[in-house]
Amino acid sequence: MKLIINGKESEVSGGLTIAGLLEEKGLNPEIVIIEHNLELVKSESWPDIVLKENDRLEILSFVGGG
Amino acid sequence: MKLIINGKESEVSGGLTIAGLLEEKGLNPEIVIIEHNLELVKSESWPDIVLKENDRLEILSFVGGG
Amino acid sequence: MKLIINGKESEVSGGLTIAGLLEEKGLNPEIVIIEHNLELVKSESWPDIVLKENDRLEILSFVGGG
Amino acid sequence: MKLIINGKESEVSGGLTIAGLLEEKGLNPEIVIIEHNLELVKSESWPDIVLKENDRLEILSFVGGG
Amino acid sequence: MADMLTIGGVELESRLFLGTGKFSSNRMIPRVVESSGARVVTVALRRVDLDFPEENIVNFVPGECILMPNTSGARNAAEAVRIARLARASGCGNWVKIEVISDNRYLLPDNYETIKATEELAADGFVVLPYMSPDLMVAKKLEEVGAAAVMPLGAPIGSNRGLKTKELVRILIEEISLPIIVDAGIGRPSEAAEAMEMGAAAVLVNTAIATAADPVAMARAFGLAVAAGREAFLAGPGAVQDLARASSPLTGFLRDD
Amino acid sequence: MADMLTIGGVELESRLFLGTGKFSSNRMIPRVVESSGARVVTVALRRVDLDFPEENIVNFVPGECILMPNTSGARNAAEAVRIARLARASGCGNWVKIEVISDNRYLLPDNYETIKATEELAADGFVVLPYMSPDLMVAKKLEEVGAAAVMPLGAPIGSNRGLKTKELVRILIEEISLPIIVDAGIGRPSEAAEAMEMGAAAVLVNTAIATAADPVAMARAFGLAVAAGREAFLAGPGAVQDLARASSPLTGFLRDD
Amino acid sequence: MADMLTIGGVELESRLFLGTGKFSSNRMIPRVVESSGARVVTVALRRVDLDFPEENIVNFVPGECILMPNTSGARNAAEAVRIARLARASGCGNWVKIEVISDNRYLLPDNYETIKATEELAADGFVVLPYMSPDLMVAKKLEEVGAAAVMPLGAPIGSNRGLKTKELVRILIEEISLPIIVDAGIGRPSEAAEAMEMGAAAVLVNTAIATAADPVAMARAFGLAVAAGREAFLAGPGAVQDLARASSPLTGFLRDD
Amino acid sequence: MADMLTIGGVELESRLFLGTGKFSSNRMIPRVVESSGARVVTVALRRVDLDFPEENIVNFVPGECILMPNTSGARNAAEAVRIARLARASGCGNWVKIEVISDNRYLLPDNYETIKATEELAADGFVVLPYMSPDLMVAKKLEEVGAAAVMPLGAPIGSNRGLKTKELVRILIEEISLPIIVDAGIGRPSEAAEAMEMGAAAVLVNTAIATAADPVAMARAFGLAVAAGREAFLAGPGAVQDLARASSPLTGFLRDD
């Protein structure tokens, strides 16, 4: 299934939840901020939200900045 | 007859033309710019335009400026 | 007897010691530095030094300075 | 014969005059200033002064400077 | 009674705000924050590089600090607002530094878009600190639309060039009732002290500290300088004179004539 | 290992030297000294006014301080030497600030007479700190004849005009191995910090503190600024750039295009 | 081939623009214009005082000059546009200096309203020279909407404070393809020369000339200085060095050792 | 009645003195002198390289100019005196620029030796213009011993750094009755103009012209700038203000309210 993650197309197995995707990508859930189809999603709901074809996902994090 | 000249009310005799007004006020026509009811009026037409009650007249001139 | 104190002539009773002079002038010995005829005199010797006619005495003190 | 020219020893044929030396060195007399044994020598006298062993000669010129 | 800076209802003792960009390692951040004494710390929001995920800077910022995400990357008000809302929703508080830039050479801010973003976010309950090009009329508009402070640049971001906009900043301080915080360009503690002596409410420093040979020591230096400049502002400096004025008395000289 | 300034064999932690002239009351001195952190304090020697004898300033200077009498009033080397010897003989130590001035309008020092006095007093065992007009050749001579430090002026005494001789002081710092102490003219803590950032060993301040509305607070401000400037000098400031250098990353922007 | 400045299709030899305010007498204007060499002269439009009508300044401006009425008095774009149209209709040409100000203390321009007025008047065929607060994004917008040049302030109008906005003006010159004309604040010919050396296309001066003890001589001084600065810019100044570089040869010294 | 500078009994119209070092070719000198307008030109005396004798610079200096040989290479008064006498004896007049330098890094002058050389040569009938490090007491001594003018440095020779010693030069101008000529360091025409506005009698420029991409044009620029600065000094500049002062009238606005 095709998603747009951080602006780039990428293929992932169907029926994944956000939590599942993070696990598959090996990302530490503690450190990321998720925007799903332009909606911010709180971490509580990551296990419940199932991703669909063409969903737009932004996986963000805080970095050093001035 | 009442006119608004340069933002101030002033009484002038009725039936005056712009040219007449300037003469009455002792103003040198060479040096002024006239706006009549928000329309600029070229000097050629000053003798022809008869002022009416409550007309707004701006009598302007260039001064030193930076 | 005439002395030159701090550059000015002044009359004092004869036979005065430096210590006596300070007492007569009501100066606190703790706070002054004495130069007698261009020689610095330590306070220990003030009671012993008898002033003579025309002696030059500098009575100095520290003040605020930059 | 040995001279000290501009601080350096150099060998020249004996009996040379200053004028002769300049000619031998191919120097344009117009552009140089000559100090002979710490005395400035005017160009008029260059043909007459015969150089001696160990004479100190400074051959100078004006250059650009600030 | 201590001299505190109050912004967004928070009382701040330190008037040095700290940026966290460009440090050789995030591990240095806690010590830099501590030696600087800063309690307001900026961070940026970025997409995670899925191939090389970095550590989250937030974990390196001491808990007592106020996090102030900036909207760097935003080229207009809409992008700035989106970034600000994501940052707040992530739970790091409601402070935001507005930074709207489309000039990539000098990174100079777009004052118009900055006003728009400030208005929208202030109305939405943010504590908004806009980074701006010093301009009195713009500062007045930012005040009208609810900014919590105004942050004029001293020189281009990261240039270490110093307080080059002194003349305009001086006027903002005089004419605007909001705290004026000099942001960007300050390269030396002496320049931070000078901004404070002029009456700036605070300064925000990042590059000057991050690019020092010893960032922890430089952070301490800036903390001291900002405190010095503030203290001097409050102490009321003496007048400047054309001629000399003796500091030792001009009478009672020991002289033989 | 602390960064100490060693002069005349004494290790000094504070690099702010304090002048005691022009204070509204001597009673203020102890608090000014304390808040400044200074440990080297200048005083002047004067004839007692027999009609109105003043308190001796020395009684107001905390005991742990080094007293540095100046030779103010001296118009030539001989007068300076006489004053220095009287001051030392009075038991207040062997430090002296040479000040030889015959210009009454700008109080600019006479470098020649200053060299002479320095030579004579250094040979006589004094720790000599000459106040001078910044001049590399003169500083080299002062070094040759035994000065313990060189104290160029930043601007005329008491003018609060700041570090106006930066270009020449910069060269002294680079070319002279003695401590360079900026004396006179510094009017703001930011200027003291700048002198220290340039590599000055210390600064001597009097008028800027004495003429402040709140001298005790201003003394604290100068103490902080001098420490800040020194710390910055040691920390190695980053480079100054013509263009901007982003302080937030230039990649990973959250954008829809 | 002469170095001409082309604005609105007109080729100008002199890069000094002259303001006519504040002169003690209009009778002085012709001599001031002549000694300055200026060919672009600003004037203002005002209501005639019916009780004390003044002479029209235009009669004192040499015929070969381009008259550039300013919109002083305008507090927004609409008022500026009205003034500009009246001025043009009166037959004094189609150049206009946009000046939109609502700050009465520092007379700083309103950049937003200035952009609006510039857009409307440029579309209407005016040669528009907007006076503005130096801001790169604003200058870019002014360029987009058809300004003939951009006129950033050097310091507040009439302050004679000099080129205080150097850092921002430097960036405008580098980034904007329109002529950059420094307007307001320049108080000395040396400051005008410096602006030109930086690459400014011209400078507009009024107060510095009008408030001089001898305005005619000061006008000449500014004319010379502007020409000097332009010539220097074209001549390509040499590099600035930290160390000395001997100007006389370092060899061939006449020495006995 | 023209404003002339009189030195050594000679009336000079141009207040720009020109150095001839560092030009890519002597052939350029006549055009540089002509475009600069200078009438006082410095040269140096050197040993001829017997293997590669150069052309004599004097042949390239227009006949109407006053030649002012400098004593570069001299490390003390005696060497300076010897060079001066040789130069004079060679028939190029009796003007001399004293230059005594033993610092090879910053080429800063030795004021003491300079005073000695000045005294000896002035007594011997030379018109002596000493190059010096700005110091009021030294300038007073130079005046006493017969200098025709005093030439303080603005910055190290050849550095193009500008008028860095402004504060001290300002005082020399105020306190010394001889002409003060700023020599060395001036890098831009604007800096030369500023020196003249301060009241300097003249400026001596070499490196800034010789190192320009187009020396002939830069020479013209300096000539104009020096004239501008002098004219401004005579014209009496207006006061500098903290606030704005409108240059257009503040009454009679065309407004509908």
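Observations
The letters A, B, C, D, E, F, G and H name the chains in turn, as written, and every chain counts its residues from 1.
Convention: a residue touches a chain if its C-beta (ideal position, glycine included) is under 8 Å from a C-beta of that chain, and two chains touch if they have at least 3 such contacts.
Predicted model only: the values in this text are computed from it and were never measured.
The set of chains in contact with chain B as well as chain G comprises H. Interface comparison, A-F versus G-H: the higher count of C-beta contacts falls to G-H. Annotation: the B-G interface is duplicated by A-E among the options A-E, A-F or B-H, judged by over half of the residue-numbered contact pairs being identical.
Between the CA-based centres of chain B and chain E the separation comes to 56 Å, rounded to the whole angstrom. A separation of 92 Å divides the Cα centre of chain A from that of chain D. Per-chain CA centroids place chain F at a distance of 45 Å from chain G.
The set of chain C residues that touch two or more partner chains comprises 6-7, 35, 58, 60, 63-66. Along chain F, residues 19, 21-22, 44-48, 70, 72, 86, 105-106, 108, 156-158, 161, 206-207, 247-249, 252, 254-255 each make contact with two or more other chains.
Contacting chain pairs in the structure are A-E, A-F, B-G, B-H, C-E, C-F, D-G, D-H, E-F, E-G, F-H, G-H.
Residue ranges of chain G in contact with chain B, taken from their complex: 19-23, 26, 29, 42-48, 50, 53-59, 67, 69-70, 72, 85-87, 89-90, 92, 157-158, 184, 204, 206-207.
In the complex of the two chains, the chain G residues touching chain E come out as 102-103, 105-106, 108-112, 133, 135-138, 155-156, 161, 164-168, 171, 175. The part of chain B that touches chain G in the complex is made up of residues 5-7, 25-28, 30-33, 35, 40, 42, 58-66.
Interface of chain H with chain B (complex): residues 246-249, 252, 254-256. Partner chain G is touched in their complex by these residues of chain D: 6-7, 35, 58, 60, 63-66.
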